[in-house]
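Both complexes below contain subunit A, partnered by subunit B and then by subunit C.
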Partner chain A sequence: MLSMDILLVTILAAIGLSIIGIALGLILLGIDRRISARMQARIGPPLRQPFIDLKKLLSKENVIPENAIPSLFNAAPIVALASSIVVLLYLPIGSMMPILGGYGDLILVMYLLAVPALAMVAGGFASGSPYATVGAQREMVSMIAYELPLASIVIAVAWLLYSSGVADPFALTSIVANPIWSLVGPLGVVGLIILLLTFAWVSPAELSKIPFDTPEAETELAGGVLVEYSGKNLGLFTVAQGVKTLVMGGLAVAIFFPWNLSPLFGLTGYVALTVDAAFFFAKVILLMILSVTVIRTGLARFRITHVVTLFWVWLGVAGLFGLSLVILDSVLRGWF
Partner chain B sequence: MSEGTPTKKAPYVVPIGPIHPALKEPVQFLFDMEGEVVKKADFAPGQAHRGIEWMGMRRNPIQIIHMTDRICGICGVTHSFAFARAIEQIVDIEVPAHAEYIRVIIAEFERIQSHLLWAGVAAHELGFDTLFYLAWRVREEAMDVIEYITGNRVNYGLIQVGGVRRDITPEQHPTIQKCLDGYRDLLGKMLNLFLKDTTIAIRCKDCGLLSFEEARNLCTVGPTARASGVPKDVRVDYPYSAYGDLDISPILPTAYGGDINGDVYDRIVVRLLEVAQSVEIIETCLKEMPEGPILWEPKLPKLLSACKKAQGEAVGRHEAPRGECLHYVAMDGHEAPAMWKVKASSYSNLHSWIPMLEGEQLADVPIIVASIDPCLSCTDRVAVIRGAKRDLMTKEDLHQLSVEKTRRIQGC
Partner chain C sequence: MTLSPSFKRSLWVFHFNTGSCNGCDIEIVATITPRYDPERFGVRLVGSPKHADVLLVTGPVTKKMAPRLRRVYEQMPSPKVVMCIGSCGQSGGVFYDSYNLDGPVDDVIPVDVYVPGCPPRPEAIIYGVVTALTKLERIERGEE
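Up next is the complex of A and B:
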């Protein structure tokens, strides 16, 4: 009986969180557009514009190109949305522990983060358009490119927790419970700052934003992987994009800024949960503005070759350097 | 892929256009790609043919002059300037000096707004929308002054055969001067934003190369030729209107201190520096503008009857923002011209696309295509349709047609 209750609560919580996650994701997209517009001396759309867009897209029919593979073409947006929502369920939101926390860890989250991109690649290849094919190829290449710096961040965090004697170093719950900054000395802080900056550059690539929007590249590929998508399918991709933005921000908060407000004010119960969730969202907004909006407003689009060089050479080296600083720090502290 | 393709990197075709976000006007490109690299490029213009010459050959020169305004959406004065100069040569009209200076002022304002428009488009093609918004915001100043002078923002309707239709009075000088001062202050900022930006530099340097020889052999004109080091400028080589009184020289990329590479970056340099040159020209013209009438003949019926009597042919040339624009007109004593041929500057520049594009990355196609500032609605004069299908005319076909016509004329 008890397990049935837990299951029921879990399912209800998952559904509730999915709906909230979708709404917050769309609000994030709205904030991004608005702030970018203000930085470009424009007024910009209202914050609810992504909702208006979504409503319109969902009311339109799907157009499936003649030489597309319909099953794969239609499955891609659903897979993309589902996988990004699942990542959300693994993230701690404020002081609320992840709903699926007991069933997976950071490694699983990394894999799940790759799924929406893979779904886009599959959908792109399945749409049978040369633009989408080129876009899908580029999406694959940039995925391979940004995985290396991302992996170095994950390894650094896990190593840190492991060497500090935390029981379950890859679990997000233990990462949140032990803020990484408190586990390192000055050398490690430098290393973590480098890793944080690396993460800030990986986020726009993960979200296909300028300067890493080569797979979509409006002026070159007319939307690239998404060129043939319309109506409901495109709406699903928009929602997935919003949730992914929230997830990337949430991941950064969980790894680098896991502090909550409630202990500071001695709050408990639902008030604490609400305050912490709001604080969490505020942190996500701030991180997104810094690592997505500002970067995309201030730069031109890179060529795919630049993307690979940047991630493999510069950010790869930066990530590994940060990782070695963190390791060196913990080794040195073990000696003294 | 599974059907055993001979090589791993089988070339595939990427079509761009006739309608595509990278293109502001319809033209079709076909690229044979190998991975991300363009192996072979081909393009098909003629998608925006409107039969404007056909319309013109059924109207009198004073009606045509207002039609020439509408050939291009950006060069509101280029075509009417060139056409008016052709008619004035046939009818033997001497344009009052005051009008010549006003013509030059408006032509240079047009260059400013056109180059800034291009700068915005180029930034957009690179995915740098912030710069695009800023460039177009700055461009508004020039548009406002053009409206202040001519009453219109796009189709100026300023040029008349034998002069201009509106005067620039001394009371208007302070407003114009204020705009020019604004641009002078802005230039350093614009150069800094476009030329010192890392992302723009890595995308534009050594991209879309056009060597000096290619630029000369393909008869490119305007900033496209000058960026490759060909010192070619109708205003200098063939001084007309008030340009003869001015001390100007063609702007080459060396003016910014660098070498001549003939890449997209050099084309940005040339255009931005030409904005500065135009500001200087307008300022000089405002200062040195002689007094006098603005029209050779203000009474239109009288002007028209002079045009009607004229016989002969002439070529009117003008250095448009994109390069030399040429109008050929032949009059045979009738109200409408016997022949009117428009050769827009982009017509000479389009073929430089092929050497620029081949061997480049697909990602660079939009900026390279935009780098010559193509104006296709100006360029497209012919669309060959046989049956219900679009057709191509090769050089042999054209030669054959010309031989046939010669025989026909000899026959009668």
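Up next is the complex of A and C:
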């Protein structure tokens, strides 16, 4: 049983973190656009451009198509935003433990990550446009495609912690407390690097960014699942996209780069929390630049068949190979 | 009520070809190249009229395209501005005596800004966008 005090603190912290998460997610989108512009020898929009876009979208008319299902059509952006914020509450930020950490683990996070995409699928089907329907079907296909490599990463991490005798191997708190690199030998390090690269390719697919933006495909599907959305609803989807970007970066940091600065400098209390949170966001920004911005600026869009082949065959094999290297490593260490 | 500052810095543009010879379309593409980089002012080309604030219309509006142009215009959420790019949309241009025209553009939908030229230079299109902004401001103030 939770006492009222703890419940109140949890709710307040959750609201605070949601606001911070939305702001940082939008800044991440701004950084992404800016860096992409610089890579194309452009000046690019200011960092606060996503905020400006959002403000404009909120002031515009909200068109609901005649042959849409209004309840589902309007609920989809809210569900997408809410579920991405919930994932954020499960992630440890720096040395601050996750607000909802006691209620779920990595498996839950993996399923929650699918909810924003499912909301987009529902919204796409509900908008009653053939473009949106094709987009929603593609979103489903790519969702099915990238789950396999993602699952192999989750299994590898959990198995590694389990075989090292860590209690509660699926909980994000124990994953952060035991950096996975310190649990493996040289063979396992190779396996983990392969898994890290696999994760770097899953992130843009999870965020529907080029080269995996086939569900939105502006030039062929006119915006795909988002084609009928305007005004407030489109704004909510933009915010959800920002929070999701932050969440994917945060998940990568939690699994692969969980180190903090405060033990290094012997900091304690609120100073440590602030420094670690700042370091966490710096890591997220760096990872997102490498795995989203650089890839999306440097490549063209894959066709949907290519997406499936890439994730099921190539990245699926890479993920399983990484997983077996990690397992082999700990088996070999058990012998010697 | 004045136009919110965010509107001025975030114009999303939808481009619609009503039977143009592609000259104006190529100039529009030239306008969004790194040389002019309108994204630094928040201008973005979008794929759906539902996302757009500005409708760029090129071409003299053929009979087939007129109802489609009307539909695309009606799909845009307000406040919105229509820009007519090129001479064809204003007078029919070289196609002025064609049997197949329903245009010019302002016979089909209300046009706010005209950018003449065959085709207009990117600088002219950018100047047209700036004019469109002031027009949007006047609409918001209720002067038009």
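Rule of thumb we're sticking to: the second predicted complex is superposed on the first by the 334 of 336 C-alpha atoms of A that agree within 3 Å, B and C clash if a C-alpha of one lies under 4 Å from a C-alpha of the other, contacts with A are read in each partner's own complex, and residues count from 1 in each chain.
Assume a contact is a pair of C-beta atoms (placed from the backbone, for glycine too) under 8 Å apart; a residue touches a chain by one contact, two chains touch by 3 or more.
Note that this is a predicted model, so its numbers are computed, not measured.
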When subunit B and subunit C are modelled together on subunit A, clash or fit: clash
Which of subunit B and subunit C A:Asp53 touches, first, second, both or neither: second
Partner chain(s) touched by A:Ile43 [first = subunit B, second = subunit C, both, neither]: second
Which superposed partner A:Asn62 touches (first subunit B, second subunit C, both, neither): second
Which of subunit B and subunit C A:Leu299 touches, first, second, both or neither: first
Contacts of A:Asp213 with subunit B and subunit C, given as first, second, both or neither: first
Touched partner set for A:Ala222, first subunit B, second subunit C, both or neither: both
First (subunit B), second (subunit C), both or neither touched by A:Phe311: neither
Contacts of A:Phe281 with subunit B and subunit C, given as first, second, both or neither: neither
Stretch in clash, subunit C with subunit B, out of 3-11, 75-83, 93-101 or 129-137: 93-101
Residues of subunit A that lie at the interface with subunit B and also at the interface with subunit C: 40-42, 131, 218-219, 222
Subunit B to subunit A touching residues, read off their complex: 12-15, 20-22, 33, 36, 123-131, 133-134, 137, 197, 199-200, 202-203, 361-366
Residue numbers on subunit C that touch subunit A, as the complex places them: 4, 6-7, 9-10, 34, 37, 39-42, 46-48, 50-51, 53, 75, 77-79
Sites on subunit A touched by subunit B in the complex: 39-42, 130-131, 133-134, 138, 210-211, 213-214, 217-220, 222, 297-306
Sites on subunit A touched by subunit C in the complex: 33, 37, 40-46, 49, 51-53, 55-56, 59-63, 131, 218-219, 221-223, 226-231, 234
